[in-house]
Structure formats: C-alpha cells, structure tokens
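In order of appearance the chains are A, B, C, D and E, and numbering begins at 1 in each one.
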C-alpha cells in the first residue's frame, strides 16, 4: 500500500506529501576508497524499498549514510523534511544492523536490549514507563522471543540474536524502519512473521528501507527496489522488475559491472 | 601492635634509629612500637587500623614530619597534644636535599614552585650524624620526663648516658676520618649528606633520595668520570638496595664495591647489630675505602 | 567487633567505605561493559604526571592531577575513535605515556618531587572529616548521574551504532563516563587510595557477573558486593591487623572466587539439567 | 553424486565404505540447559547433508559438537573411523562458522586469514610452502575475492567477510566440509559459485555437512536433509522430502514441536 | 654521539636495547591481537607478590617472582576460559590480586622487604654482561618460538574456534604465549625495567598498526620500530640527560603519533580518493 509514487517520489512536484527520506548525491569514502558515488534515494510514507546488489556494492554503506552512521563526503539527506544534521526526533527511526555489533563485558537480557530500543521515546529521568515496557514486550512477542526474554543475549543462537535486534528496532515504533539484511540467519517461520509485521507497519504508514540479497517472504511487501552496483544506483523501479539475478560482476575482474543500469524500469 | 594502647605505656616511633633512641632513653618504662616502614611503592603507603590506633593511643609519638605520608596523616588525624608528639625535624636542623652533587642539573628557576609546599627538599637521614642524634636523644628525654614526671630523673640520666656514647662515636669519626687520601664517598643513594657534612666529606650519590629512582645514562657517565678523576676506588652500595647501579659505576671505573648502611632499618643480616655498631661498621668501611690513617 | 566504633577514625573509615563501596562499582559496571576494566589504574598513572606537572609549574598538584586524568580519559576516547586502536591498546598507551611522562618530569623537578606519591595516595583509615565530605559529594554526584542516565549509558556501552541512531550523543556520553571515572579515581585515590578505588570498580562487577544474567542484576549485585567488601574489609583489617586497602580488595576477590565456585558447582551438578528447553 | 546410501549410511552393513562422520546419541548441555538430546548423524564419502530446523533448535550446536568445539554430555563421534578425541588428521576437516568470530586487535588481510586455513597441512617450521600459497589463492579465487586479497578483513562488507571464511575452509582442501549457514549475507552470484564449488568437491569425494534455513542455490547439490527440532532429530531423509516449511514451533509457546517426526521419509 | 660508546655500560645498554627492542614487540604483537595489551603490567604486579613470598620464605626472590608471574599468566587463561570474564577483567583481577597480595605479604615480611622494588626493577644502563647473556638467551628463545610458531600463534589469536578445528592445541598455545610473556617480563624487568619492556610490547605494535594493513606487516614493522625506539632512546637519553627507560617509551609514543598523523593526513587529503573501487 504505497502512498507516494514508486519511481520518483518527491521529484515529481511540490504538491506530493513530504517524503520520509530524501537523499541526494550521496558520496561516501571509506578508508580512502570511494564507496558510494552520487546516490539518490527517496522514500515516501508507507513505502517499502529494498536495496539490492552484490556483496560490497555499497548497500550497507548507503543505509548507514542516510541515518548518519557513516560520514558523507558529499550529498544531502533529509529525514521527514529535516536535514539529517538537525534531525532530533530520533524516535521516528528504527535500525537493524547487518550482523550483531554489541558484544560487551556485562551480560544483558533480551528484554534489556529490546528495551534500549525505546531510548529515544523515554522521558529523560526515571525508570522505563509502562508504555515503554509494553512496547518492548510487544516487539519481543512479534519476533517470537517471549519465552526467552530473560535470557542473556550471549546465550542465544544466531537467529535468535538477529530477531532480538529486529525487536529492538520495532520497539521504538518507528515511522522509518531501516533494516540491513534482517532475514540473515532467521528461520522461515520468523521470516514470514516479519513479513506480516512489516505489512502491518506499512498499513499504519511506516516506511521501510531494507537491504536483502533474497527477499524471500518479504517479496510481497516490497514496493520498489533500488539496485546498487559499484556504489552507484543501477536500477530504481518496481520490485518485480529488479534485475537481482543479473547485476553482479564476474568475481575475478576489477572492472565496473558490465550491465548498464536502466533507471526507472525493470529489465526482467 | 595490639591497638588499644591501654595495656601499658607505649611510644610509637616511625623508623629504626628513633626506636633505638627511645628504647635507650625510656628503659623499661615504655614499650616501643616501631611502625613497619612502608615501602616506596606508590600503592602501599598504608597503615593498618591497629597502627593508626597505636598512633592515637600511644603516650608519645616520635617521627619526622614529611617523611612518611601515611604517618603524617595518621598523626594529623589523631589530633594529639603537642607535648606528646615529637617531630624530630623541629629538634635537629635539617639540611636541604643536596642538589649540587648532580652537576649539570640546575633547577634554579624551578625552586619557586616548591616553596609553598615544604614537603620536598628536605633530607630526613639526619641520624647518620651522631651530633644530631645527641640533640634528638636529649629531646626525647625531655619529652618523656614531661609526660612521666615520676621517672624524670631516670630519663635524663639515660639520655645523658646515651649522649656520652654518641659523643664517643662522634669523636671516633672525627679522628678516624682526619687523615684520608680521599675525601669523596660515592654512595648508592643520597642518604649520607649529614655524615659528609659533619666530617668534611663530599658525597657523590648515584641516585636521589629515593633509592628506586632510575639514574639517567648521562648522570652515570658523569659520575663515572668524577669517580675516575677523583681517584675513588670504592663505590658504596646498601644492604637493602639492589647493588647493580653501584656495580655499574664500579665496573665502568675499575673500582670495587663495599657496603655502607644508611640505617633506615635492621635487616635479617643486621638483626644482631644496633645503631652504634652499624655506625662503627660504616666508619671502618669509609676508612678503608678512602685510605685513612 | 563494636569496639572498633570507639575510634573516631574507624567511624570515618566505615563511612568512607560505604560511599566508595557503592560508588566505585556503580560507575565501574559501565567501564567493564566498555571493556575498559583497567581504566582506573591507567588514570592513576596519568594523575602521577599531573602531580609532577603541578610541582614543576607551581600549580596545586591535586588540580593538575585532576586535569591530567581528565585529559587522559579524553585521550582514550579519541584514540578509540580516530586511531586504529582498541580499548586495551589505548589504555596501555595512556599507562605508559603517563608513567614515562611522570618519571621524566619528576626527574626535571628534582629530588623535591620524590615524595610526590604523598600527593596521590591516601588510605581509608586516615580519612579526615573534610575528606569524607569531598568523597560524599563526589559519590552523590556520580550516583545521581548514573541513576539518571543508566538507559543512555547502557545503550552507549552496549551498541554504539544503535545508540547513535537513537539520538544519544554517543561521544558525549563516552566522555561523560570517562570523565566521571577520572574524577572519581583522582579524588578517591587521594582519600582512600588508588588500589582500593580502582579495584572496587572492577572486582565486584566480575563477581556479580558470575551469577547474574541481566545488566540490571549485575549492576545492583556489584554495588551490593562492593559495599559488603568495603565494610567487611575495614572491619576485618581491624580484627586481623592488616592494611585496609588490600584487605578490602582481597575480600572482593574472595567474593568472586565463591560466586565463580557456586556457578561452577551448579553447572556441573546440572541443577538445571533436564529443565525443558525454552523455545524460541 | 552420493556415494553412500542416503538415509542410513553406515547402519546397513559392515561391507559399506567407512562413513566420514558417524555420531551416535549426541547429548549436549549449554549453560545448564539441555540443547541436544540423543542425536545421531552419519555422513558418507561424497555425501551432502543439510541440517535444517528453526532458530534455536540446535543446528549449530550439533555441527560444533561433531567437530569438537562443544563438549558432549553423552554420545560418541567418529571422524573417518577415528574417535573424535583421538582424531589428529585435522587437515581433512574444514569449518565455516556461523557469523564471524575473529575480530582481533591486529589487522590481518584476506590472504592471511585464508592462509591460516592451511594450518593443519603446513609443515611445522618455516614459511608457507608454495603449495599452501597456491591453495589459498585458489580458494580466494573460488569465492571471487582475488582483487581484495590484500585488504584487511576489518574493511570488508558483511558478505565479503563471510566469503573469506568460506575460502579459509576451502583452502584446507578438506574431505569433510562443515559449513554453518555459509550463504548468510552472500549474494546470489557468489551463492551459485559456492554451489558449483561444492558440486566439484563432492565429485572428488568430499562430504559436506551444512546448516541453512534456505538452501537456495545449494538445493540441487544436497543429497539428504536432517531436520532438528528442539534438540532432537525430527526428520532424516531425502532432501526433497524435508518438511522445511512445517517444522517450526509457534513462536509463543514453550512446548515441544507438534509435528511428529517421520524418520526416513519426506512429508511433502 | 660516538662518545657514548666510550662507556662500557653504554655499550651494554645498547646491546640490551637491541635485544629488548626486537623481542618485546615480537611477542607483544600476539598480546595485542588477543586484546591483552596490558598483560605486561599485570605480570609486573604479580611478580611483586612473588618477590614478597620469596623474601618471606627465604627463597630466591627472582625465582618466586618468575613462578608467581607464570601462575598469574595461567590464571588469566583459566579465568578467560572458565569464568565469565573477558580478557580485560581477568587482567584487572590479576593486577589487583597481585598488588593486594604483595602489599599484605610485605606487611608480614617486615622491614627487610621495604626495598623490595629494587629486587624487581632494573635499568637498561645498569645491565651487566651476565645480565646481557640472560637477556640474549631469553630473547633468542622467544624469537625462535615466535618465528617457528607464528602461523599457529596467529591462528590461535585470530579465531580460537577455527584454530581448534585445525587441530591446534589452543589452550596450550594460549598458555605458551602467556608464559613466554610472563618469563620475558619478569626477567627483563629485573634487567632493563618493567616500564620499558611492557611498553615496548604494546606501543610499537600500536604505531605499526597505523600504517600497516596486514598482520605480517604489522609484526615486522613493530619489531623495527621497537628496535629504533630502544636504540634511539638510549642515545637520546645520553644526549639530553634523561633516564633511558622513559625516554625510550616516549620515543615509541612519538613514533605512534607521527604514524597516526601520517595516516590521518593521507586519509584527509584523499590520496586514494578516486582510486577505482576493487570489486568483490
């Protein structure tokens, strides 16, 4: 149920509803290497956009750049109409990182980690409110970890850990949910459950930006696909037309991909 | 330490030489509690609660202020009466820490900084000068007489007897060190400033007041040159200090090493000695090293 | 045992023990979470340089020590962020830099700085009432910040990226933790001793981890164990006539050993064995 | 091209070739919790077995137990006919862990990490032989990382890192290759490449034990599937008959799965 | 500058500097890789307890120090393996346990242990020729082991699970690293000083990391930098009249600062910018 037009949201005319995410000309260097070059990305309310592309094409870097985790060399990002630099209303943002990052010296339970997803919504002082706890428990329920909520995250299986991170992002009840390979290591049942959850969120107006290699159960909820190749947008259009199986470079060469991007249109 | 201090009159001292003095002057009237000398390691300058209680409960405390931080704090905290606390620093005249011996170290302009804190800059090893020990013995006698007037005469007599022995020691040093081929002693750390001052010797310390400080290479080279040019043939080391610094200088100059005891405490090897016998050992060692007649 | 309360210094020591025992693990838990368990000791080394600098320049050494310690804590955050160094390496550089710098400066400052340790190292049985006030104010401050900002601090230590996305000024909180730790250590080392405060930041947390499974549980249990070790250590040091600092530390280590043992026995005898597997 | 019979390799009779892996009655406790109960697993030469199951069912624990990374409470494991405890010929074993484990304080390049896969084959002293280097480079080539072989592994994307770990396992030229979710985060092209590589290995007699939620490009090479459910074998039989989509427990209950295992036969 | 060679102790110091400068980073690289950068300092603290024990029981203090340090290194491996403690916490426990134990024992040992530091801390300018032989043998041993077992040590430090699957006796190698480090530190602290040897285990590695991208490159560059800092520091300390230990450490830290700066400048000016992206 996309609200804004799929292919060129925000660029069409001033009368359209303000896009949730508007990124223009994003250019990122990592370790002295040019990783993204002039990438544009727009996301409307209730839209689900999948970022596709080969390993190392720059998908994670792109989503990290639009939420401010990676510094840009050039380009601008607006979230809900506010430039990223001045964007304070962080509760509207949820993020699921690729692979887990948080291994720390003190144990923390699933519930504690998920509750930390409420951070941006909590009043500054005092313990978590009832609403916070309820939202966290609801998120845990959604990923099916309720029986494990008192378990330290270090004692989870890979997929359980991944689902904990999904729950943490859901707990903040975001209007823009950014997920970097959320299905990696997650079993089929949980994948379908996630697809249902994303469907419900979208119905309530949440926009979703996700990175995946294989959309699997999420295929049906995705409105639009953006294919990244060598740090550039190679395709931006309807999901069913995305050249997922074809944009990849031969593993042995160092040259740019040979497939010519066909912006705005599927090649399959 | 038994803590309470009620089970008999006690005197607390902060170092072995003071313990020696009090034991001689107080005779059997007071038990002497010598606080274990805290080591130089930063973390362990700490007294046990019993020792703090001893400091509070003791009839008399004999120490040198600004020498052991932990003890200073305990004394300050105990809030003792003035006449039951003997700071020997006020009795004898303490020398500034000797800086000249390290030529090439000029701290002239930096001195200002230290003026507000009188902690540094003072050399506590006054007990190596028998004459200053006489003053300390008399002061202890007077204090004991004041807090225990019943036995005042005994304390005075004991103090005078000790002073006589110290005078003899002083005389022996004066005579023993009169005719020497050399008037320079090279020591492991600069503990012997008072001794050198009293008997017209020049001390070349390899390390500063803290025996654990690492010497600089240029300083070692400089001392080696000094040793060679002064014709020194013996480099002194200490029982409780690693001899390697002294040995390095000795090796570099072809000198030999011998032991000079700063008498900061008794070790296992010197358990049977006392202050007087240790001082005489030191005298013999210097006479031999400096080839005195 | 009540005999020890006859001595005013023991009453002061117990009060200082209560404050330190509670404050040190309260902030220390976050250090352990960030894998900076040895920050306390590192700060101590840098404070030494600060004292030497103070002596050289004629500034109050305690002030320069606090400044140096705070700068050191900032340096660690910067090294972690901008140079390719992990926390332990950044700490090591602070250690050795602080120590080498201190030793060199002392050398320049001359013999008069030899007693510089006395600026730095206090002992819990020689705490004065004005010391106690300082420690209490500082402890209250640290506890207040920790209580107020636990969710933020937890998030920052748990997953920096996520905290950043949640709008937490990550670097600011990282610096807050480091500076709180630095100030606590510098002030406390002067009143109750470095060994005591830096050990109480880590050992009770390690002990609590043995049996606790949640962050909150670990945090609270660590504070409780810190309190018990501090008070128990002061009492024990009085009874068995030892220095209170090491006694407290050894008591905390004993807690660790006991709890690790409990955990080992429970795991081995399989008290939980056969318990139905929770599904997920 | 399976060499040993699919369903009951090794159990049929003494005349069969010795199984590559024979595990009987494996029971594992983790953190005081019973994770695996009496699991049997057999693998013949050239056989490809996929371990399937929901998150937390015990798949990773099973593969880690059979290669000795997790202690067993009961049960026996034989590798190439030798009890695991006495098995020294480690060069015959390759392992790809689930999610990366090795983040260390000193940088290491892709090539260095892959070369460490040759450890069990290297002579004890001296630098890596030419054969070692050639094998490492071949493995890097197979996963398509040749242009990145001098890159520190900390500067790789998620999928590139995963492929480095696959290359490390391939470098040892193993006779038993154990892979725990090798495709997680790997792009489609590399997935197909891995499938081809596994096919070649199997042709040369290598046995493969792999854990996956979605076999994807590997579907064709898998001979047999073992489904784990709540720490027990719920299915062991031909891959095409495995009840992948059905063995999962409802996320909210703590009870055993309701599907009855049908050993030796597919349910679809 | 050649003037310094006139003094026999400077010739010995230079020789000891060469050996320490090469050996310390050679083993230290693996400590950094295992995130145990502060192991050197921890071992030093435990060695203190060992010396105190030796003095108490009338055993040779150096022997008890080596034994205590080795046991401490083993304890860290055990804590990491069996208790829920990360490396830094295990190290911290060793630190504080060693220190507290040492202080308590010194307390019992009385006066004669007061100068116990001098049993422990040497200085590179007071190395004797027999010291040099000890250090050379030890250094040769460490280098031989490191050279022979680099692939195994690398694998163990990089990914324990993978090393275990490859048939490397992981615990044994972990212990080998710890014990090698413990023995190196205990012997070297007595001859060249604790600060020097423990800092040279870490700082050159951190410096090398700034510009090197491979393990091998880091390892070799660290050894080179360690050697340069050690020799350069001895020479500089002679020229500018400072203690050699801290001078060497500060020189190594200066290398770090320069290389970190070089890296920063290169990254900022974007020397690599626009370089075609390698595919993967």
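Observations, loosely collected:
Keep this in mind: contacts are C-beta pairs under 8 Å (C-beta built on N, C-alpha and C of every residue); 3 or more make two chains touch, one makes a residue touch a chain.
Keep in mind the model is a prediction, meaning the values are calculated, not measured.
Chains that count as touching both chain A and chain C, per the definition above, are D, E.
Chain centres here are C-alpha means, and the one lying farthest from chain A is B. Of the two chain pairs shown, B-E and C-D, the one joined by more C-beta contacts is B-E. If you average the Cα atoms of chain D and of chain E, the two centres end up 39 Å apart.
For the pair chain B and chain D, the distance between mean C-alpha positions equals 74 Å. Per-chain CA centroids place chain B at a distance of 37 Å from chain C. Centre-to-centre separation of chain C and chain E, using mean CA positions: 25 Å. Across the assembly, chain D contributes 31, 54-56, 105, 107, 144-145, 147-148, 156-157, 160, 163, 251, 253-254 as residues in contact with two or more other chains. Within chain B, residues 40, 43-44, 46, 48, 105, 214, 216 each touch two or more of the remaining chains. Those residues of chain C in touch with two or more other chains are numbered 32, 35, 37, 84, 86, 88-89, 103, 107, 195, 205, 209, 242-243, 245-246, 278-280. By the contact rule set out at the top, the touching chain pairs are A-C, A-D, A-E, B-C, B-E, C-D, C-E, D-E.
Residues 84, 86, 88-89, 266-267, 270-280 of chain C are the ones touching chain D in the complex.
On chain D, the positions that touch chain C within their shared complex are 29, 31-35, 54-56, 105, 107, 230-231, 249, 251, 253-255. Across the interface of their complex, chain A is touched by residues 29, 32-35, 37, 148, 151-152, 154-155, 157-168, 205, 209, 212-216, 218-219, 278-280 of chain C. Partner chain A is touched in their complex by these residues of chain D: 30-31, 53-56, 60, 98-100, 141, 143-148, 155-160, 163, 181, 184-191, 193, 213-214, 216, 244-245, 248, 250-254.
The residues of chain C lying in touch with chain E in their complex are 32, 35-38, 41, 82-89, 91-93, 95-97, 99-101, 103-104, 107, 195, 198-199, 202-203, 205-206, 209-210, 242-243, 245-247, 249-250, 253, 256, 260, 263-264.
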